[in-house]
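So, here's a batch of structures to check.
Two complexes come next, and they have one chain in common, chain A, joined by chain B in the first and chain C in the second.
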Partner chain A sequence: MKYFRIIAIIIIFILVFIFLNKLLAPKYMEDLVEGSMTSAYYDEEKNHEVIFIGDCEVYANFSPLEMYQNEGIVSYVRGNSQQLIWQSYYLLKETLKYEIPKVVVFNVNSMRYDEPVSEAYNRLMIDNMKWSKEKVDLIEASMTDEENILYYIFPILRYHSRFAELKQEDFDYLFKTKKNTYNGFLINKNVKPAENLPTKRRLANYSFSDICYDYLNKIRDLCKENGITLVLIKAPSLYPYWYDEYEEQIVKYSAENAIPYYNFTKYVQEIGIDYSLDTYDGGLHLNLSGAEKMSKYFGKILKETFNLTDYRNDDNVSKLYEEKLKEYNKAKEA
Partner chain B sequence: MLNVIILIISVLVYISFGLSNLIYILFSALSSFFAAKHFNGKNKKLILILTITVNLGILLFFKIYSYIDITKNIFQNIVVPIGISYYTFQIISYMVDVYKGKHEPEKSLFNYLLYVMYLPYIFIGPITRYEDVSKSMFSKRKLEKDNLTYGALRILWGMFKKYVIAGRIAIVIGTITKNTEAYFGAYALLAMLLYSIELYSDFSGGIDIVIGVSRILGIRLKENFNVPFMSETLQEFWRRWHIALSSWFRDYVYIPLGGNRCSKLRQKINVIITFVLSGFWHGTTYILWGLFHGIIVAFNNVIKTKWKTLNRIITFVIVSMLWSFFIWTNDYILPLKMMASVFTNFNYGELFSNLLNLGLNIPNIIVLIISVIALAVFDLKKETIIPKIKKYSPEIKTVIFCMMILVIFVFGVYGIGFNASEFIYSKF
Partner chain C sequence: MNKKVLIIILLVIVLVVGAIEAYIVFGGKKSTKNSNQDSKVQDEASQEEEWSYTYEGMKIEIGKEFTKEKYGEEISYSEIASCAFDGLDKTYTYEHYEITTYPAENEKENILSIYFLDETIATDEGVSIGDSYDKMVEAYSDSYENHDNLYTYRKGDTLLNFIVENDTITSIEYTLDVEQN
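For the complex of A and B:
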């Protein structure tokens, strides 16, 4: 009986410990909603024909529901802020456990980074990811020097100091979540015209590093193994961070590997992007209106080039997407 | 068998810090062991002086080396051996005690190596006398349930002091010391008073962990603190604070200098010399700290009143103010300036209006206040609390154990952005 009671106390302690881990971890539902991008995918149906993979340039610029509305494409964006190429690889690997899409669109912007950028971005992406081998590998590949995998296993070790700054959000979303994205697209309706662009910096070395090529090859191979068509893109952005030297390397890579590549920074006029109206941060990312134009433009290319299904004619899918569109349009008008 | 495992682990840890660490400690251990064995002959005084001189010389070299930049240029790539301050003092006390006939020399080299190299106390002490530890350390023993419970609770209590109290205060002191242009006067006083609590929580917390680990292993170490802030005089404070070091200086410096068995003036000079040397042991910038303590202890009765509480407050404030040399380190003048600013800059109103900008918000301040009260209550009532806890049922003990773990996990200051892993006294 004595041992039974001790075991019961230890079980209660473990439950309290788990509860505190959950309570103290950020919820990313009202503030910093970018932290809910990874986990939003788990609640979705998994029958997408196109999966977008990449950083903020993907989740801000491509709206799957616009593509459905215009072309009947069923797609999902698995993108996060500052998502590095190895993170994209492991996220794609995780996605393929749930579904095998026909096309994977990868935004090459992250080829610029060959080392973890910051712990904050890591946390935004990884915190709410489901535990799997891919998550462990992703953490190991992404950690900055100050991080430790234990901080991910037990969030309390990282977030314990939040006891002093808990908000209503932490209690409201303790056991539930809220939909912040629309098939991985994050709506931003703000307008901040592009006026003062940063100057182009000269770099000592413009070559992409080996580690980035390694992961790009891994993405290529993963797609090949699963019979997926890989498409490389560079999302439009007015900031002068995508150098000609970068472009040359990607063009060469795509040619050598017979992978289609679209650099949309070159088609801004054709797409109809007006950087005095279509950006929320002065030209770095597109806002809702810009994303609508971009999605319409690329949706057409995708449909025509890769022979995608028009799911508007599929009763089951269209029923589901009509509901999604209702919510999406409501959010657009809100 | 347990001792074999302890010694093997200790050796492996020394090696992990660099093979030179093992060589230095082995030299100290072996030289003192064999020297003490030969105290029977004619030349025992010579052997004693020679062995102490060599070992003290090595310590002195590394002390000066770590304090003065010029020597670093001459002797590049030399790493100060781990725990040299502690084990050198231990072997000196051992040799002097054998020399004086306080106890027999240890016969077993294995036992002696265990005494010198015992890992738990090598980083922050306490400096342990052979006679205090030999009985429990060298006896045949096995892990016992009572020792396990006491040791584990003691470790958690130490972690609570270190991570919940000391870590939190370190944030405020870090803010104040980072900007000496803006934070002086009332801020300096706040830093001094808080540092007393921080250092006590950090150091005694570390010792709690050492004592706890040792108790689990069946080894009983002496307490290093005895409610020091209840001291009515500075003299009393040094009987209650860092008892191992204070008593070491008393027995192996003050008494050999003549102690109380000489003229009043000579006695006072002995006190001052002892404290200056104690200051030097901490570092060259702490010599002034030692001097001030020496002078105040020597003329102790001058500032003693007939009210106990007032005496305690005065002692606490003096001790706190003199910690300035530990707060604003690596500088001889700045600590003096900060002490002077307490009396010349009356920016107390500004301090109160700016209190929440020093790194702790209201919930953190509340946690700190409650924790310090818990610390004070436990320290004052531990004679009654510990026996009570011992009598509790295993279930209640498990609840206490679990609660302490949760409190440390949630309210501890650790992790990214905080450097709370190192104990303040490990650098000495």
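For the complex of A and C:
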């Protein structure tokens, strides 16, 4: 009886501890929804022929459902705010545990960053990722000097001060999630025309760091080992500036490794992007109308160049995507 | 009885959390005692000396509040949002330099950096874009931090950055040391 009581107390202790960890961790469902991007993937059917990997330039600029509607492409965007290249690598590695796509599209913007930027962005990406070896490796690679892996394992250590700031969202989404993206695409319908930008500043060094090349090579090798075609892109944006020196290095890498590369900043007119209408933040990211144009343009290239399947002719997939499109169109009109 | 057990469990959790956090903070990477001392020394240094730039008698101080009343009407203005978080980095472009600000408390803006746009202006110590590396060393000494073409002179929480290419200064910027702040 005494042992039974001790075991019961230990179990209650563990349950209360788990509950508090869950309660105090940010939910990212109503507020700061960018924190729900990583976990949204887990609820999806894992049958994608194309996976997009990268930072905010992919989740804002490429709409998989637009590509399905126009070309029958089944794709998913695994992108997060300020997703650094090592984070993209581990996220791709995790993705390949669930499915092997035909094509992986990687946005090269993050090649310019060679060290962790901030804990806040790490948290947005990592907090809701499922525990796996990839998550542990990702945390190790991403932590800033002030962070400790224990803060990720036990969110209560990091977020105990939230106790006084808990909102309704923390209770509403304690055991459930809300869909904020459409195959990883985050809709933003706001319009903020591109007007003035800061002066293009000289840099002390334009060369990408060895660490960035190492991870780009790892992405290349991971794709090769799994028979996946890797495609490099630079999503359209006016800022931060994509320097000619950056471009030269990617063009060289692409040629040396026989990897296709598309720099969409050069095709803005052809795509039909109008920066007075198609951006929500003055030229950094495309809004919904810009993403639709971009997706239409790139969808055609993907379909024709990489011989992708038209899933609109597949009964099972088309049934699922009809439902997805209904929700997507509803969100577009809301 | 059950209520009592639950209260004890909660207290134990609070103690465990406190103990682990104390271990991370005090026993981990940082010693608070030392970092407090460091920051005190730094604070004192910061109060003593910070980089500032004077343009036509107007002193522009890094990390201090920016107001148009004080610095005048800009030629052009741009604002850059972060990917997910609130707040904007605002850039005010004047004829010869650009001031970038960051959001501070009470919706105020503080000066993050001053970036020289041309060779017609000089630092308070008389160095301009187009001058040589030797002139920079003559004015500021050779006690700089160097990475690639970047030469940095530190004062408190502020930095004065020169980019030198082929022995010629091609960029001058005063900025807040964002890693320290």
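Throughout what follows, the second predicted complex is superposed on the first by the 333 of 334 C-alpha atoms of A that agree within 3 Å, B and C clash if a C-alpha of one lies under 4 Å from a C-alpha of the other, contacts with A are read in each partner's own complex, and residues count from 1 in each chain.
Quick note on the criterion: a contact is a pair of C-beta atoms (placed from the backbone, for glycine too) under 8 Å apart; a residue touches a chain by one contact, two chains touch by 3 or more.
Computed from a predicted structure; not experimentally measured.
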item	value
Fit-or-clash call for chain B and chain C when the two complexes are aligned on chain A	clash
Partner chain in contact with A:115 - chain B first, chain C second, else both or neither	neither
Touched partner set for A:315, first chain B, second chain C, both or neither	neither
Touched chain A residues, chain B compared with chain C	C
Partner chain(s) touched by A:56 [first = chain B, second = chain C, both, neither]	second
Touching partner for A:244 - first (chain B), second (chain C), both, neither	neither
Touching partner for A:333 - first (chain B), second (chain C), both, neither	neither
Contacts of A:157 with chain B and chain C, given as first, second, both or neither	both
Touched partner set for A:225, first chain B, second chain C, both or neither	neither
First, second, both or neither for A:32, with chain B first and chain C second	second
Touching partner for A:16 - first (chain B), second (chain C), both, neither	both
Set intersection of chain A contacts, chain C complex versus chain B complex	9, 12-13, 16-17, 20, 151, 156-157, 160
For the chain B and chain A complex, residues of the former touching the latter	361-364, 367, 393-395, 398-399, 402, 405-406, 409-416
Chain A-touching residues of chain C, taken from the complex the two chains share	5-6, 9-10, 12-13, 16-17, 20-21, 24, 28-29, 76-81, 83-85, 91, 93, 98, 100, 115, 117, 147-150, 163, 170-171, 173
Partner chain B, residues of chain A touching it in the complex	2, 5-6, 9-10, 12-13, 16-17, 20, 24, 119, 146-147, 151, 156-158, 160-161, 163-165
Chain A residues touching chain C - in the complex, by the definition given at the top	9, 12-13, 16-17, 20, 32, 34-35, 55-56, 81-82, 120-121, 124, 145, 148, 150-151, 154, 156-157, 160, 195-199, 201-205, 239, 281-282, 284
